[in-house]
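What follows is a set of structures for review.
In the two assemblies presented below, chain A is common to both, partnered first by chain B and then by chain C.
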Partner chain A sequence: MFKAILFTQWRWGRVLVATCVVAGFAIPVFSVRNAGGGSWNGPMWNALDLLASMQSYGPIYVLLAGFAGIALSTSAWAPDHAGRHVYALSLPLARWHYVLLRYGSGVVLLVPVSLALWIGALVASVSTPLPTGLHAYPGALALRFALASVLSFSVIFAVASGTKRSAGYALAVLLGLVLADLLISLFGGTPVVIESTLGWLFSSSGVFGIFTGRWMLIDV
Partner chain B sequence: MTHAIQTRDLTYRASKTFEIRDLALNVPHGSLYGFLGPNGSGKTTTIRLILGLLRPVAGSISVLSHSIPRESPRMLGRTGYVPERPHLYPMLTVEEAMRYHAAFYPSWDWKWADELAATFLLPRQNKIGGLSKGETGKLMMLLALAQRPELLVLDEPTDGLDPVVRRDVLMALLDYVSQTSATVFISSHLVHELERICDWVGVMDRGWLIAELPMQSFKNGIKRLRVSNAPAMLGDAPFVVLSREPGEGAHELWLVRGWQPPMTQFFDGIGANLREVVDLDLEEGFVELLRTFRQPQS
Partner chain C sequence: MSDVALARRRTRRRVAALGLTVIAGGCWTAAWAQSAAARADSLRLGRASLQALAVAFTAARQEADRSDSLARYRLPRDTVRVGGLVFRVMPAYAPLARNTGTISWEQLDGMFGDAALSLSSHVFVLRDGMTEINRSQGTRTPTVELAEVVDGVISPKHRESVNIAPADLANRVTRLATAELRARQDVALREWLNPMLNPSSPAWADRERTYIELVTADARVSERCFVGDLLRCRQALLITPVADTLSELYDAAGWRRLVQQREGSLRSGRTVPDFDRCVNDSDFQECLALLRHSGVPVAPLGGAARHSLVRTALAAGGRGAYARLTSSSGKPIAERLALTAGVPVDSLVSMWRSAVLAARPVRTGVLPGEAWLAVFWATVLGLVSFGSTRWR
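Right after this comes the complex of A and B.
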């Protein structure tokens, strides 16, 4: 059953997966190739320039992890939504079992993306002589990428697997935050609700903390 | 008599204006049960309740001795379902859809699936999204049959299909039923189609089950009588008078259910004259039944 569900998910998500795999491999390679203005002079690089260059690629990894997770989770449910879930519900397995199989399939499809990023990071780091004091962390970067992509996949998967009503609740919470900020500003205050909520979610101890911090292939 | 499907006091509220009320359905094992009703009468909702796709507000459902919705996964493993609208994934090919479906049913019969695909002339490498309505209908029937179910639940399986495809689909269904003791629960508003194949009939209207009886009784039992000199009060008639309407002259036209020839004596007893007994075919009987249900006799 898992194989069958994985196949269907691959069938309608393969272009996304292939795109993310290519991007996952290419980003670390390009980040090193373009470091130091693309001069590619290895040990002669200025360590600080190299670190700054690596840091500038951090948001790209974050965006790719978020995109891979969100796109795959949306595509996981789209055909079932289109058929009003009649097919899924008429299959001889419990609802939680079906959801688990779909979730598992999505996570499996994220593996090649993280793997491609790890290989790309390995290729980039072994082909680059680093200045003294700097080290490459391909494994840590790939692991962080994998966790972030699974997290974004899980969150959107959970929202997309719910009913219209539960999606409405999620939307209502968001609108509530916007409204709270609007009311605060109307009364002359400084709107901080969204900012502090986002700050809490993306803080190092927050749910989405993994998306923040240093996404560095090469670091001290 | 044991029942493949049995509901008791089944209630479901679909909206503020429509609900299924106190539904007591009895589908005998091994029967071909025609589930008739006009559009919007609650046939599809009832089917979804039976399969556990919807959860009832009250009442009980038993399908193949499984309590629904609690045991619906086990029941669904023994049931083939063809929904009203195509539900398959459009980006899969016919072949892939067959493989996908087969993965969930240990009883899947590949040999027969291949035979059906050949009989139905299904293009196995074509995507489902590109199939015609007839081909999609045939594929859905193939998937339901090749899993070798004990119960087939078919929701308007031939609606919108051309006569040739409809015949192919029904032939495959009857072929399967003749080989097995499977129960078939088939909903339709195509009365003549059900008249040919079903041995039991249930009629839904506005969320109520208004009749449930063997097809033969339904066909033979509903008659239009031309009666003269009938008193206003009938007393205990041995049949059910569904309606009484003035006819030509002093005659009245009665629509009755449960009619049998010896009942002519009843009219002598009340001083009335029975002039004519008119047979109604299933469609006429169905229409009259709905009409009398919606406009109770005065």
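Right after this comes the complex of A and C.
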């Protein structure tokens, strides 16, 4: 049964997976093009310049992890929503079992993306002469990427698996936060609800803490 | 009449004439003396009145200057004071000035201590900018201006358009205030500190950058400093003079890396073969010759390292530390820093080194706690979705 679900999900999301695989391989390789003996804009021998360049690629890894997770979770449920969940009802499976198969298939499809990023990072590390004191972290970067993409997949998967009503609840919570800030500012206060909520979500102990670390292929 | 009588008579006449002359001279002298005294009195009176006139003129001129400057440079009515910062603002910007002042004063007071109070002779003016876009769109873009006020005369110094966000405005105010304090530093201190200290930037940022510089620097001296050689730290921070920077602070591999980093300026025209011999053939003497010939300044550590040292000294020295730093001009920088911190220079450098080593950036690696937390939340969210209903 898992194979069948995995196959259907692969068919629905293969373009997305392929795109993410290519991007995952290309980004680390592209990020070191000017390091050491690179040639496009002249070599970058200075360690601080190289670190700054690596840092500037951090948000791109974050975006790719978020995009891969969100896109695959959406594609996992889109045909079910389009078919009004008749397919799920027709299967001799408990709901939790069906959701588990979908979830597992989605996570499996994220594996090639993380693998591509790891291989790209390895290629980039091996091909770059590093200045003194700097090291490459291809494994750590790929692990962070894998965890972040699974997390973003899980968030949207949870929202998409629910009914319109549950999606409405999630939206209502968001609107509630906006409304709270509006009320606070109407009464002359400083609106902090959204800021503090986001601050907690992206703090080291928050839900999205994995997104806020150092996304650097080369670091001290 | 005998000759004797005639001689006596002639003598008497001479004596009488001499007496008359003496009397006349005395009278004339007395008269002259009287008139000179009168003239001196009159001169004294004249000088006093002239002095009074000059004082009145100066006061009038100051008043005129003040009036002129007030007319030329109309200050907004509202005054907001936060610590040593004085803002003159349009009423609409008073809350913004209070927020800005609080943020900015915290930064300035934290770094300069009591010396920051000297900024009270300046006013920060906050008002609407008069741009065409503002006029046409009916929007407001505040400008911040710094003006010096001496005896009521306002001398504008800087003017900048700013965004409305208090943090952004605070950074501008802090920068303007720091530039003002920097202008009072002696040349030696200013050149050693270059670029300007930045109280808006957190101290850990300077230390973290210094850590990266220490572990990635091309200079041998930085490596020695990293492992605890305080003399090398002082040399790397340019507070202990060295006879020849290149040969004493760098090794042969360091010369080569310095040349590599300066490819843009060192590999051009006639120097191309020299550059290639240095970089490609590892001809280290060629590297040294190229660096000496180019005269490019080399410093083992950058401005962040020197700033972090000064910040360590200021933090150790308390509120009067910055005043001690600026008032000790003429002495070597190392001695000035020791005076600032109130501890011997080696202790200060040791404190600095410990702080820098503690500022090692968090590694790129994923911490176990971080990974488990992500797995936990992914599992929780997965379980939430397992509880969803199949009925729509």
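A few notes on this one:
Here, the second predicted complex is superposed on the first by the 209 of 220 C-alpha atoms of A that agree within 3 Å, B and C clash if a C-alpha of one lies under 4 Å from a C-alpha of the other, contacts with A are read in each partner's own complex, and residues count from 1 in each chain.
Everything below uses one rule, namely that contacts are C-beta pairs under 8 Å (C-beta built on N, C-alpha and C of every residue); 3 or more make two chains touch, one makes a residue touch a chain.
No experiment lies behind these values; they were computed from the predicted model shown.
After superposition onto chain A, the modelled positions of chain B and chain C are compatible, with room for both. In the superposed pair of complexes, A:W96 makes contact with chain C only, with no contact to chain B.
The superposition of the two structures on chain A yields an angle of 150 degrees at the Cα centre of chain A, opening toward chain B and chain C, reported in steps of 10. Once chain A of one complex is fitted onto chain A of the other, the partner contacts of A:S166 are limited to chain C, with no touch recorded for chain B.
In the superposition on chain A, no contact is made by A:L186 with either chain B or chain C. When chain A is checked against chain B and against chain C, the one touching more of its residues turns out to be C. Our summary of the superposed model lists a minimum C-alpha distance of 6 Å between chain B and chain C. Residues 84, 89 of chain A contact both chain B in one complex and chain C in the other.
Note for the complex: chain B touches chain A at residues 51-53, 73-77, 81, 83, 85-92, 96, 99-100, 103-105.
Chain A meets chain C in the complex at residues 42-43, 45-48, 51, 84-85, 88-89, 95-96, 98-100, 103, 131-134, 137, 140-141, 143-144, 147-148, 150-151, 153-155, 157-158, 161-164, 166, 204-205, 207, 209-210, 213-217, 219-220. Of all the residues in chain C, the ones that touch chain A in their complex are 209, 211-213, 215-218, 257, 260-261, 263-264, 302, 360-366, 370-371, 373-375, 377-378, 381-382, 384-390, 392.
Interface of chain A with chain B (complex): residues 1, 3-4, 7-8, 11-12, 79, 82-84, 86-87, 89-94, 97.
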